[in-house]
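When the chains are written out, they are named A, B, C, D, E and F in that same order, and each has its own residue count from 1.
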């Protein structure tokens, strides 16, 4: 079984964090490949940046999907997830989706804890899109700037633990979801300092991707995620244009 | 007052339909310019095509926003609307948004009536995104293919009237929203054959855009639609990259 | 095009405020007439007072509707709005409805900011009736008495600006709706002191009324807002009794 | 203990039906008085007629409330209920409210079954106002005219039983609420022909009114139903004006 | 008419409190019997304890239901209520259900006030199960231990009054529901110190039970609360096994 | 890693079906043990039977939990799931929960398809309890009796495929969840006859259980699923009584 992790951010160091965390819970016999977007912004944090990242996800999948059994959209906010699920036959899971659904099995309400105020609005729209607002006790964000997106968790670990504890005390969170690619790998390091289960989204995502692949679902030929009819296009990457035109190999 | 209508589809004939319908209710003293996307698909109907169209909207606005008092994202489904609203200072309104909110003032529940089954899932996500599911009596779609996207309304007018009447009878719709750029201009032609108010989205959108410009709101400096902090990028159009980097003129 | 603004409060000075604010954004070629209720209370602030005001709105419309292309129920809370929409053929828009729906096009969530605690419960019921609770970040009210209902905005402007800023900071409001007829005209004066768009409801209402009239919708002959069947009555004003009995001119 | 049943319709025969049904389950030691509105329409079925009926309820209560321990607004749709609850100190319960809340204790979802299509929209708004939409399996209405509002149940009993059975079969109703003053007294006659519990609203209302009186709650001095501050008025009945002005005896 | 009050807690002193409070509002001609669970925990406060209590309720009803016209599940949280309603023919009402639905007739939103933090999660699930979350302003719980479950109200009355007042001030509660069997009888003692109506759940429950019995509903033969088909079982009490097997007398 | 599958039904043949299906996707290195309830009914289908089954789950876990890394409540409807999650430290996942959450990653809305009408009400309550009603397109049930609970899938496979196809066509289901322990193992056999992904709940549950165990969450010491304080009890199994009293080994 082969899993593709797609980092829609252009920062390789974030891909490394995601890959390492996912790899720590990779089941026996599963191969994981991780790729970094070549187009876009270093770190997606808003709706407009997510539009850019969503297109990168589609372009990467158009090139690579045939070689994999499942894929991960590895930015919390899940840019392009619905589009990818509709356009490709393999299961595709989002970082936020996997983290939140896994959290649902560990308690009643989860809180999302992240490192920058700018992320809140996009994350809230993501929770709504997944229909999980009723399970979400809140989105908590750190104030203040950070030095380096690839070392946020080193710089902010103590503040994030405090924030998670406030979510437990004040928002009645049963579970904490540490959100955002830069926090990948942090949950196992701090879980003893937070009195409820803590979910690492990269770990959750790779496990959920392998589960979906293991169930070997037949792709949707009907329903809202059936592959769209073929269509011409202008200005897209060759692989994506071919996929949209039904002129790709598959 | 100058309004920019952005057609995220690449079909000029659709732009012409949108422009003509909008122009029929243009208030005295307002100028309307309509542009067609150069990148993307002839007609957006799904989530993946909307990702492509959303980026086109941002690129067009990055070039042109300084010259306008308000803009319209002129595809039902409103691709890139939230992103545009966050990234630019002028009011931006969506074709679906304007049609649905205008419908809300004409009755309790509106039904969305459109010409192709493929549009349903994307339209439903659009209704949800706007928080208007409680006001929507349903989305009704014609089955069957159409010959030419630029003459759908000529070919399908009778079937659409029948569908609208079924929405009134079976779904208890108080108002009909004729949805999709290809249906622009149809509402005035068929409104006497449907026993509830019928909304033309291009008309609604241009009036709402002029209203927003007339109110002269100060752009958001706080809240979830405040302009994101500057950020570098790779591979975007120069104007969009400059806007994201805060290196544009404004 | 002729628009009728109905103030269901009995205070002429409030009518003057509403009229002046609406007139400041009146499109070229539109005539605005404003009338004051002769029955009721000086300023409606509760459910029971709204019952009284709702009947005044129906009586005024029964007398005047034939001469107008659209009408405005000019009290936030929209007393009698659904009843008026059902009973008369011209479009009728509410002050709250117009303010809230316009706010929806300027951001994700709006907060309602008003000048007296008594208004909260009625306003919240109004938000619910319009199905907009999911878009409303909260209702904020000033504590304390005011000297003169016709000069509330002069007396309380600074406090209202503070309250609006708290709604932005604490409730994550993207837009502020200044609510209540006495605040008409305040938004343009204070918008630079509030970091998100601020909506003046009288401005929004007159623009929305002209938009509805411009779309020239056919009145509802089916659906929940179709005109009720004729019925006798006892004790109503002659014009309203005639309208209910289908014995009026139209 | 004395209970006042207020029929906001002007038809005495409906008052007689309501009174007889309520009296059939009147607890020992409770006195019931029933009054008919002198202003309004013979039978309220729409939003506009409910505005008229709501004011009648307030006027009747302003005259009579001091002599009673609790009151019933005896039209399904509960015109003026919130207003009455806010303006007077004794418990006031609505016919719809009592029927629906009682139904909640007999099953999961109730269906509302009534005799005329015109009633649907108003009844649905009533369900929403009470926050009970999640418990309501649907509103079913008979098509077709009726001969005499005071003998609807005689004329339509078989059709109503059929409609109730369809609500059970097709809408998964656990309980049937026979709605509308003209159906008072019908439930006991037909309950053996419907395979789920059937609620008579007049019975439910008089029992709920006696229960509220028995609990002897202190009236609200805070919260959204506290009595409004005193206010002048023009054109209201003397008793209602006095109550609004805090110039009544109590 | 005979009513059975079932205390699913094993503490007789709680049964005595419930019985005394209910008896204080018992209508003329109604007999009340109160029984205490023989299996389970002294005081149910969590989901797992409610599973145990739910089975006790079924066992007690299986023994006794034939002799009664209606029954009360007398623990806030209503353990086994849905199960009992489905399995037996007489009306069964829950302590929480009765308290909350009665509160709905006294105001818009109620707050639940109780004496121990452990109760919150279970109570919130109970509110959700009844579909009343939209009517609930919050659940407020005292911190800190208590000395004796049968004298909580003596020990904590002042703190509970304070908590109720905070619910009114901070949560905008229109009504207070004093929740938990140990608080039975407290409402009448403290209602003058709280500025909104206060509901005693034992009083509400016995009145609602008598109302349901008075309406003499036919038991459900269809719908989600129809009696399940007969089934064998292992390890249940003889009466419950017989009831499930349809081998009981009725 | 060791997983415990608990069948709360007393039928060993169902345990065999569940075990076989789960084992077909068991990751390398994971041990699965499956146990059958000794108390209760052959097959749980209603709320009252679920109360009985819920207690069996707690008793089995009280005996066995120390020897396992995670557990599965293997009846759709998840009897006792919340109670088990609160009372024990290892992750516990429900058959319905796992099936539904896994389905969420394969499409927008899932439909639940099952073999007997009696199951509907309990399943719907289960969907609500998990907060997933917004993701559920409907619950579809076969009419008619079945011969043998342990061979339902053999007898009804074709009818279930038809029902699933109707859910896709008429309810717009994106994913089918085949629900109920007796259908374990059916999904892989019929998935090519249904045009959307089909989820086998036993497969989903065992994979989700292993994922939760792999994430090695710290048990909840706060929040609504923290272990309840110690309490005495009467009449419970020794192991469960000890667990509730905090007198067990752990």
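Quick note on the criterion: a residue touches a chain if its C-beta (ideal position, glycine included) is under 8 Å from a C-beta of that chain, and two chains touch if they have at least 3 such contacts.
It should be emphasised that the depicted structure is a prediction, and the values quoted were computed from it without experimental measurement.
Engineer: Interface check for copies chain A and chain B. Shared numbers divided by all numbers used: above half gives same, below half gives different; which is it?
Structural biologist: Over half shared, hence same.
Engineer: In terms of contact pairs by residue number, which of B-C, A-B or E-F shares over half with D-E?
Structural biologist: Checked against D-E: the matching pair is B-C.
Engineer: Please name the chain that ends up farthest from chain B once chain centres are defined by their CA atoms averaged.
Structural biologist: E
Engineer: Chain A and chain E are the same sequence; what rotation (0 to 180°, nearest 5) superposes their CA atoms?
Structural biologist: 120
Engineer: Measuring centre to centre, with centres taken as mean CA positions, what chain is farthest from chain F?
Structural biologist: The chain farthest from chain F, judged by C-alpha centres, is C.
Engineer: Tell me which of E-F and B-C has more C-beta pairs in contact.
Structural biologist: Pair with the higher count of C-beta contacts: B-C.
Engineer: Using the average of all C-alpha atoms in each chain as its centre, how far is it in Å between chain B and chain F?
Structural biologist: 44
Engineer: Averaging over Cα atoms per chain, report the distance between chain C and chain D in Å.
Structural biologist: 29
Engineer: Among all residues of chain F, which ones touch two or more of the remaining chains?
Structural biologist: Touching at least two other chains: 82, 108, 120-121, 172, 224-225.
Engineer: Report the residues of chain E in contact with chain D in the complex, numbered from low to high.
Structural biologist: 25, 27-29, 82, 85, 91, 93, 97-98, 101-102, 104-109, 130-132, 134-135, 168-169, 172-175, 188, 191-192, 194-200, 203-204, 207-208, 211-212, 214-226
Engineer: Which positions of chain B touch chain A when the two form their complex?
Structural biologist: 10, 38-43, 45-52, 54-55, 58, 80, 82-84, 86-87, 118, 120-121, 124-125, 128-129, 224-225, 228-229, 231-236, 244
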